[in-house]
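Both complexes shown next keep chain A, but they swap its partner, so chain B is in the first and chain C is in the second.
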Partner chain A sequence: MRSEKVIEIKNLRISYLTRRGPVSAVDNVSFSIMKEETLGLVGESGCGKTSIGNSILKILPKNSSIEGKILFEEKNLVELGEKEMQKIRGLKISMIFQDPMTSLNPIMKLRDHFVETIKTHKPEISEDKAEEMAEEAFKAVGIEPSRLKDYPFQLSGGMRQRAMIALALVLNPKFVIADEPTTSLDVIVQAQILELLKNLKEKYKMSIMLITHDLGVVAEMADRIGVMYAGNLVEEGLSEKIYYEPKHPYTEALLKSIPNTKPEDKKLIYIPGNLPDLINPPTGCRFSPRCPKAMKICFEEEPPIFEVDGSKVKCWLYKGAEIVENERVNQS
Partner chain B sequence: MKELIRVENLKKHFPLKRSLIEAITRIPPRLVKAVDGVSFTIKNGETLGLVGESGSGKTTTGRLILRLIEPTNGRILFEDKEITSLKNEALRKMRKDMQIIFQDPMAALNPYMKIGEAVRHPLKIHGIGSSKKEQLDTVYNMLEKVNLTPPRNFYNRYPKELSGGQRQRVVIARALITNPRFVVADEALAMLDVSVRSQLLQLLLDLKNEFNLTYLFITHDLATTKYICDRIIVMYLGKIVEIGSFDDIYRSPAHPYTKALISAVPEPDPKIQKSKKKLIPQGEVPNPINPPSGCRFHPRCPYSIKNLCSVEEPVMKEISDNHFVACHLFD
Partner chain C sequence: MSLKNYILTRILLAVPMIIILLAFIFLILRIIPGDPVLAMLGGKAPKEVIEQKRHELGLDKPLPIQFFDYFFGLFKGDFGKSTLTGRPVLDELKERFPATVELTLFAFVIAVLIGIFGGTEAAKRKDKLPDVLARFFAIFMYAIPIFWFGLMLQLLFGVMLRWLPVAGRISPAIQFEPITGLYIIDSLLRGNWKAFVDVVKHLIMPGTALGLVISSIFLRMVRNNMVLVLSKDFVKAAIARGIENKSVLYRHALKNALVPIMTVMGMQLALLLAGAVLTETTFSWPGLGSYLVLKIRYRDFPAIQGAVVFFAIIVVVISIFVDIINAIVDPRVRY
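Presenting the complex of A and B:
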């Protein structure tokens, strides 16, 4: 891992305007991803992890508004126009989606997906050369290049996901966002795809932001993990630190509630209550209504981010530790 | 323990649509052999896990037992009584004792029906309760049991006003309102988030004890079977490959496919994860229209025996007490 930052996100806020009022989906999130690093972004549905991924490529729906900074190659993507974004999407930053069936065009041959992507960004490349690149990409993900003549529906689920990965990597982007890349796959195919992603990352020296709800998947891939809850990044640190020494009560509870693979450990632990309504998020810490360790201050004031033992934690339990970031200071 | 359900050589072949030419020339339709000869029993009060990947036939098996689809062949017995050929009224009466919890509560609930009415509906169908008041009391009671409290408040709400976990609680309440003996939970927790999934798993366990239920727990997620299943059946392409207690399957899996399934589960512990040896077979589940000859797993199996596995179909053998496997390695 190099110390050079590939992307830096600063005080990102995303909200969606709905009939019931604005939904604060991502609230003041800051983090960065280093060169050749895999950052796992984990959380349950509605925690804002996909919104963050989509905001980087600026593919959020129309009813959204976004504040803060997304710095990539010394540019703030938040302020960039659509024309300039098109030069980045697919070429420098690309995305692997959850469901390849809905992200590939069903009436376009796979070959044409590749030719279109390559020609859009590099019009100087001839069609033959583009096809050659597509064949290389297919070989790299373990599909027969002859399958380029097929339509997406002619491939099995696992192969479609491989084709998607090939398409995302064909122009050798330096940053890839993988949004639940294995969620719709069966467990054995999932293991195959994770293995493939790990190998490709080594080969192409890219940085990955892996968005998933599955802590097992994250542990297989990520160097660092960011845990999100209800729009907040509640904890961020090295994978081992997060797993063995979780600091935030939510991280701790989440880790306990996932089934491990030890057959003798059959105790069922869960987090009581439900996810909060983000139109009216709880005051103070957003996890406070479900937190077993909540104190008076947790219900009143939003915690800043403390640096504890190398990890960053947004929790009042660590009051007194060094503050990495205070919302009010940063906002001025 | 007495046996509650017995399934013998159950088969379900779905015919594929023929082309016009195929129909005119009377070429018989090709068949998808979704379930191709499975036999097992479920004991009273136990939870039997049915695991496998998509296309293994686990959902079809669950629906066949409930007679939601007609079997092509085979017998289904409920308390020693054959239910395979029950019709109309008799079938409807039997349904009181056998219920199902579906995967997607949004699809299983009528969006225009108040959730209380949805839960009361089975009482109306089966004529349980002498008055509306009595039925309402039963519904309130059940809503309370699944932790939708206060029940009177929840009764008048619509599915869209509830969270995913609450909706699944409604589906559970509706399945249990007729006081069934046997419940098929078909990927009942698959769509829920981890923190909510464990809550509902606990609820299913509590309800099982309270109402003395027998579950058929269908899932693709081996990790959740640990908390609820007494025994596990592993299916591959319409066939059972292994049957055993939870411990048999987890600690000493015998079939190469079972081994692969277990080793493919992502391990959250970084230390175990790094040291774990993975046995991931190549390729994917083949097309069930034209399944491989012999043992259906042989093209992907690392231990496949030449001139045997591809030719001869393995039969079920008991390798230790109540641990069965269909694999030539144990001949």
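Presenting the complex of A and C:
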């Protein structure tokens, strides 16, 4: 079975220093991704999911700081220097970005994007060979290889995202971070891109971390799902479990708020309230001010992570269940 | 559109542009108050003399005929004759132009180097000490009047330290025969080492003064554009592919940042080639700028008109070059 961990994140904390004070964007998050597994990381805007993605490649803005461990190939990426990170980026861990319209250099031919990336990591490969590899990658994502001599602006949005995927996969990385890869595309193209990602994952035997706010997208792709709220990982488990037996009140509310087309459901369901201010997060559970099931303890003490029915849930409702991890211990 | 077609179209479009420009200059010089004949002969000349001069110059003909005469004259290389010296204006411009070219290129290279490297490094270290210093330098140099800056340099390096000659283009004691008019090249071609050193020494002060002042514009533009481009997604994407910092900075970011700046640089170059009036006057540099000042002082209308036409053509030619370079760097321009 898939038992080998490709990447393991332990007690990750990310904060940004702003004029108003430090913002704790990610607070004590731990999870791991297995070989050939797709983990979906869901949550609303500003919950810290993109920060986690960027922290793995260490491409966070300069005003950020990371604590905790990101273990990859027996190395803690948090401690690696810039030079060593450069050898990992694009070669072993790749990233597919949200907006394919702006993520390619507008004045560089597509071919040169590939040749540059390949030659940076493998200088021994000749330019002709690199071009051949680019052609192969284009074929794999379903673009005519002759389009390599085009500039990014000559491709449509869907094609550009295919090109971005080809570029991310050209060196056959074992781990790919896909940060909202379909958000800026229309639904039909979205479905095509997801299908493509799924097939490529099988073909190249890689692991994917899929960051999205779209529950439909994760349903399509993910083996396991992590639900994030205000910098916390509030629930993590197999996709079916999350979908059919959500444990955390936030997951439940999130699933209910997916609009559907049934005539009797005319009203849109939403979660009342706003995301908390992450400069002064609420004491206790960060979801407590919006939680319909909040109890007294929820406002006072931060919940640990409980193991319930194979899922991990950060919620006091499951007090009494086995504690996977107690953050108050970790914090000290 | 292919690059070849683009260049061809651009050159063909320049022809009507030059014709319109010529018509414009012609009309303006006839609309503005002041009679060139009166200016030539003085207000107290007898009427017959004035009429005769007017006829001689063709100024009694109808305006359209005058325009065609002037227009076809230009094509034959006839820019008119200076009323001050009686020499063909084109000959005088040809004498002055190499001096301006020499000064301009020297200053421009300094300005571009400081602008590009200073601006890039400042943007890389945004809000850190080097960036603050670069911004201060840019504001300071931009605010300084060049004639004052030139005078201070003359005082320091020319009078007090005596390292460099105060003004002029070559020492009167140096004997040598120019070939192209560009003294640096000429002195090398003639193998006249002494002349070469003398010419370079004369060029350093005005060239540096002008270059530093212009570098301030470039520095600010490069720095601000780089800050903008460095925040773009494709820069982050390039870093995420493991591309080295230097390549990201210069190959990805700088090239994109330079696209809008190149136009400004080209126009600045054209302006300089038309003569840096203040610099040339301050350093008694015998270029087009000081030529124009001289001719305006003596109301030498044919010379002024010829010089303006000459500048207009320089601007058109440079703007074609800038457009072509832009189209090579940024293919989106062509479509």
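By definition in this document, the second predicted complex is superposed on the first by the 321 of 332 C-alpha atoms of A that agree within 3 Å, B and C clash if a C-alpha of one lies under 4 Å from a C-alpha of the other, contacts with A are read in each partner's own complex, and residues count from 1 in each chain.
Just so we're on the same page, a residue touches a chain if its C-beta (ideal position, glycine included) is under 8 Å from a C-beta of that chain, and two chains touch if they have at least 3 such contacts.
If you're wondering where the values come from, they're calculated on a predicted model, not measured in any experiment.
Enquirer: When the two structures are overlaid on chain A, which partner does A:Leu57 contact: first (chain B), second (chain C), both, or neither?
Expert: The second partner, chain C, only.
Enquirer: Go through the superposed model and pick first if A:Leu71 touches only chain B, second if only chain C, both, or neither.
Expert: After superposing on A, A:Leu71 lies clear of both chain B and chain C.
Enquirer: Is A:Leu80 touching anything from chain B or chain C once the two structures are fitted on A? First, second, both or neither.
Expert: Touch partners of A:Leu80: none, neither chain B nor chain C.
Enquirer: Touching A:Phe153 in the superposition: chain B (first), chain C (second), both, neither?
Expert: Only chain C; A:Phe153 stays clear of chain B.
Enquirer: For A:Val324, select first, second, both or neither according to whether it touches chain B, chain C, the two together, or no partner.
Expert: neither
Enquirer: Specify the partner with more touching residues on chain A, choosing between chain B and chain C.
Expert: B
Enquirer: Let me test your reading of the model: by the given contact rule, A:Ile125 touches which partner, first (chain B), second (chain C), both or neither?
Expert: Touch partners of A:Ile125: none, neither chain B nor chain C.
Enquirer: Would you tell me the residues on chain A in contact with chain B in one complex that are also in contact with chain C in the other?
Expert: The overlap between the chain B and chain C interfaces on chain A is empty, containing no residue.
Enquirer: Of all residues in chain A, which touch chain B in the complex?
Expert: Contact set of chain A toward chain B: 44-45, 156-159, 186-192, 194-195, 213-220, 239-240, 243-244, 253-255, 257-261, 263, 266, 268-272, 274-275.
Enquirer: Using the touch rule from the top, collect the residues of chain C that touch chain A in their complex.
Expert: 232-234, 236-245, 247, 251-252, 255-256, 259, 329-332, 335
Enquirer: Could you pull out which chain A residues touch chain C in their complex?
Expert: Within the complex, chain A touches chain C at residues 57, 59, 82, 86-91, 94-95, 97, 99, 102-108, 116-117, 120-121, 151, 153, 164, 167-168.
Enquirer: In their complex, what parts of chain B are in touch with chain A?
Expert: Contacts found on chain B: 53-54, 163-166, 193-199, 201-202, 205, 220-224, 226-227, 246-247, 250-251, 260-270, 272-273, 278, 280-282, 284-285.
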